[in-house]
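Structures incoming, each one as structure tokens.
Both complexes shown next keep chain A, but they swap its partner, so chain B is in the first and chain C is in the second.
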Partner chain A sequence: MTFVRRLGVVPSALVLLAATAAALAPALFSPADPLRGDLTQRLLPPGATHPFGTDELGRDVFARVVHGSAPSLQAAVIAVGVAVLAGSVIGLVAGTARGRLDGLVMRAVEVLLAVPSFLLILVVVAVLGPGTREVALAVGVSAAAVFSRVMRAEVVRVRGSGYVEAAAVCGTGRATVLLTHVLPNAAGPVAALATLELGNAVLTVAAVSFLGFGAPPPAPEWGSLVAAGRPFLASAWWLTTVPGLVIAAVALAVNHLGHVLRTRSETR
Partner chain B sequence: MTRFVARRLTQAAAVVLAAYTLTFAAFYLLPADPVRIMIGPENGVDEARVAALRAEYGLDRPAIERYLDGLLGALHGDFGTSFQTGRGVGSTIAEAAPRTLALAGGALLLAIPLGFLIAWWAAHTRRVWLRRLLGALPGLSLSVPTFWLGLVLLQTFSFGLPLFPARAEDGPAGLVLPAVTLAVPSSAFVAQVLLERLTVEMRQPYVDTARAKGASRARAVTAHALRNAAMPALTMTALLVGWLVSGSVVVETVFARNGLGRLVESAVTTRDLPMLQALVVVTTAVVTLLTLAVDLAHPLVDPRLRERAA
Partner chain C sequence: MTPLLAVRGLTVRYGPPGRGRPAVDGADLTIDAGEIVAVVGESGSGKSTLAHALAGLLPATARVTGGVVTFGGERVDGLRERAWRRLRGRRIAFVPQDPGTALNPLMTVRAQLAEALRLTGTPRPGEDALEEALGRVGIPDPAAVLCRYPHQLSGGFRQRVLLGMALAGRPALLIADEPTSALDTTVQKTVLDLVQKVAARDGTSVLLITHDLGVAADRADRVAVMTEGRVVEEGPAEQVLGSPQAAYTRLLLRSAPQPLTGPAPAPGEPLLVVRDLRKVYPGGTVAVESASFTLDRSGTLGLVGASGSGKSTIARVVTGLVEPTSGSVLLDGAPVRAGRVQFVAQNPYASLDPLMSVGRIVAEPLRALRAGTRAERRERVRRLLEDVGLPPEVARRRPSALSGGQRQRVAIARALAPSPDVIVLDEPVSALDTVTQAQILALLRRLQDKHGMAYLLISHDLAVVAAAAGRLAVMRDGRIVESGPTAGVLAAPEAPFTRELLAAIPGGGRGG
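So, the complex of A and B:
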């Protein structure tokens, strides 16, 4: 079992490493300009000079995929960051406040969970307007509710333990107890959920961008790259297939590594 | 029991009301003026026309008045007028709903048996590689972007092999590819939850007892473990329906089907707030009621809960 898992870890790590490197230094991977095309080189299938082919304006698809890595991954990471931060704060407040405030906050969280998450994201996008940052924020907001629940549950669990009571008896301030005792103990489950959410966020950001609510047209984003290839489904398969495969590979890599990390921390 | 049902119904109503309030508040916070969005980015807009439009849609009235009026209308099934088409939101939704219901129903019909089959087979087989393969399948299909899966199916089975129409008109042939697209991640959800429970249940002593008394492995899974493991999968169904509505946004866009998902997409694009609000409230109401129905059905499936309730 462990052998099989390790077998998957190496390719997953490589995919993730390549995607991150492409996001940080796209010029390293593809010297071609992702925005400027050569109209004599339109709709060329994948080949030696253009590994992923070219699109209807003669732009190199590989360059566009590589340059699309930064906005796509950034959006996913920002989304998870927003979700972890907002969710943790809400959960911490609810868990430590107890009583009426706790009840009120958790009811509000329940409402957010009752609205299908993709609709909630689209509502936020409708309010904020399209754009990469807006999409990231929307995905983060919709995922925050789950994090607040996990955080609250952990706070309530840790709060009842002996060492927290002991610290309180010793006269440690509430804020100090929260930061030094409660937070580190609650971090594990939240981190586990965050890895799970990152894979989701990659896919959701791509889906919202596919619908056309991401960065405006010339900018390459993984989801909008797939959308841009739709008119050429019958004639130029690579325009949709290749960027889609990249999204799937990254999502799979993140999910697999997250799964391995989670099972390892559970068995320890 | 009646008190329990009454309390749960009140809770469900509160959630739907909160969803209405939430969307209203979100749109009230909208940085852009809805009337300007409606007119579009023209230059030199006639101020009198803006004021007239604002008055026509009642946007010049105080927010609290609009909120209460809108709520009263929504309770009577009147969700106002679409900013974009000028038609009633309620009738537009009612017109689109059957197409999405057909899509979601088709997807569920495929997804639930498929999900059960995968989980059952993985629990039943003794071949380790097969179990691992089946166990990895849900995670694999959940990592594939739904919109891309739809496009690949379209490419392969409409353009490559002309088996299904590329334009998904009404009718069973056009429903196949969209329903399959939506069913793949849905079946993965079902299989994941069910397999997790089945793995736990298969280690329980009652399964050993059944096997010791001569039940075949297939019977031990089907008649003994599955019955206990099915509950969480049942709870999943309500969530799955909410997910199907979300998924239909993408799938209906890919296959150019005019359903609820398409309405959501165009309402976001044109910032048609009354339409979007109605869609969110209606979907939330459906999901909440389904969750309630599943919760109330639990004692029917599990006799232990029946005793506790009595």
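So, the complex of A and C:
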């Protein structure tokens, strides 16, 4: 089992590295313009000049996938960032305050959890309007509830520990105790959850932009690429399959690396 | 006569071959039928590994690399798990250390006891058999206890249930791994009395693993002393404890807490005055009821009581962690100011932030009081570490790199940092080995002579308090039932509970 796991580390790292590099410097991978099409080159299957084929307007799919990685990954990272930040603050406040505020906040979080997350995302996007950043925010908000619960549980655990008590006897102020003792010691499980959530966020962001709420049409984004290829499913399979495989590969790679990191930190 | 159990040159190693020293290194031990043999040693001496090896309960990471073990004339080392299962429970029984975790919390006592009885060969144990098994370990109302879940029982009762399960099959040998180290002294006494009684009645041999020389002296026919995996001394209890040969045995004996001798300290100037303290927790639990005591300047007051007697609540009130429901705590006639009362907690593994360096931990009260510049604080930390006998480079390490005794020294250095008037010591040595315990108590005494602060020493162990405190107060059920100079209270205890505590100190049985 551990051998198999170790076997997956290098390919996962390579996939993630390639995706990140494509997001940072897309021109390095594909000099072609992802927006400009050549109508004489429509719907060409994958070949030597167009490794992933071309779409119905003669645009190079490889270029579109490469240039699509920046908004797609950015949205996933922002989503997780929003979730970690908002969730941690809510959890920290609830776990520290206890009493009525704790009850109020946590019941609200439970209501948030009770709503199917996809529905919640669509509601938020409907309010904010379409766009990559808006989608990221919506995905982040829907994931924040889980983070806040984990953070609160950790804060409650750490607050009862001997060193927090010792700090209180030393005369350390409440805010300082929170920042120097509680937060660092509570952060472990939250960080572990964040790695898990990143793979999830890649999928969810793709799903939302597949539904058409992502970046507006000419801009390439992985989820909208899949959606755009749908009318040609019978004649041009590569339009949907290739971006779909890329999404799957990145999500798997992130999940796998996250899992390896988590088990490593747990056994240490 | 062939002994019941004979161990010759047993060697057990953990981890990959050829690395590190063995956990048990060529241990020899014999136990005759009906005999109680105590194995005494510190944590890490290999005594627990030895016990587990003799019960066939070694973890998968451990390997027996040498030696011969015979039980009832037959070799049992290298037995397969299936063969062990036939022996264990029927011929060899095992009582684990912590009764809090050894019972399944989701099963009633009845279900767990029935399982134990089934394994010993009673296919469908009837109510009589179950009640008898509990009756044998002195449980007064077996029918009621059978229906309970473990969390509804006290620690002492849980250990009795475990003992009942172990003894249900009338084993020839009972292996008890620190059976009472998680229990109060008074409960410890009743459980050990029981083990002794049942062993005598059934002719069961007992291998008693303990870190407490007093327990060994009271209960064992023969004593083996272990350190660093080796049995350094073995023989009749009177001989080993009366005229020890091995240097390590002598060190252990010297480390046992000795009551302070000499005249009672003259009543000094009162420093900390606690009047009519009462604490009721939400939910109506009365933790402390009208407690009053005075702590003299540079004096030590010992506060003794069983767990749940309210002594820890008093520590929390005095250190300002908990607001009293009523009553007053005055330091030099005024409410306690920040930094004047410091705290050393029981568990040095929990009281230090695992993510901070020792230097930061010790400097924490100084930072809180905004005392001095960064360089001055660093210099002060260095001196404090020197004071508690730690090298300065420890400041850069994390608590996880330190032993239990070293961690407690760090906690003491932190408490010393703001030069407090009072340090509250809540069970400061109960998580430590005997030798370390003696070192820490000596350190505390030295620091008091040097810096002149007062100690409020809280412990369930009367022996520890008697060794360190000039005056003591005995608590029971939230009230102080007796107080006075230590020597006086020990010589002529007035409250029945004090007498009970005094009688429960192990080592008294044979003039230890």
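Everything below uses one rule, namely that the second predicted complex is superposed on the first by the 268 of 268 C-alpha atoms of A that agree within 3 Å, B and C clash if a C-alpha of one lies under 4 Å from a C-alpha of the other, contacts with A are read in each partner's own complex, and residues count from 1 in each chain.
What we mean here is this: a residue touches a chain if its C-beta (ideal position, glycine included) is under 8 Å from a C-beta of that chain, and two chains touch if they have at least 3 such contacts.
Not measured: the values here are computed from a predicted model.
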*Would chain B and chain C fit next to each other on chain A once aligned, or clash?*
fit
*Touching A:G162 in the superposition: chain B (first), chain C (second), both, neither?*
second
*Tell me which partner A:L233 touches in the superposition: chain B (first), chain C (second), both or neither.*
first
*Per-residue contact with chain A, leading partner among chain C and chain B*: B
*Is A:A251 touching the first partner chain B, the second partner chain C, both, or neither of them?*
first
*Between the C-alpha centres of chain B and chain C, what angle is found at the C-alpha centre of chain A, to the nearest 10 degrees?*
90
*asked:* According to the stated criteria, A:R174 is in contact with first (chain B), second (chain C), both, or neither; which is it?
replied: neither
*Regarding the shared-chain residue A:P184, is it in contact with chain B (first), chain C (second), both, or neither?*
second
*When the two complexes are placed on top of each other via chain A, what is the minimal CA separation of chain B and chain C in Å?*
8
*Would you mind writing out the residues of chain A in touch with chain B in their complex?*
4, 107-108, 110-112, 114-120, 122-127, 129, 199, 203, 206-207, 210-213, 223, 226-227, 230, 233-234, 237, 240-241, 244, 247-248, 251-252, 255-256, 259
_Under the definition above, what is the set of chain A residues touching chain C in their complex?_
161-163, 165-173, 176, 180-181, 184-185
*In the complex, chain C residues that touch chain A*: 319-321, 338-339, 341-343, 345, 347, 350-356, 361, 364-365, 367-369, 411, 414, 418
*Which residues of chain B touch chain A in the complex?*
14-15, 18-19, 22-23, 26-27, 29-32, 132, 139-140, 142-148, 151-152, 154-155, 159, 242-243, 245-247, 249-250, 253-254, 264-265, 267-269, 271, 273, 276, 279-280, 283-284, 287-288, 291
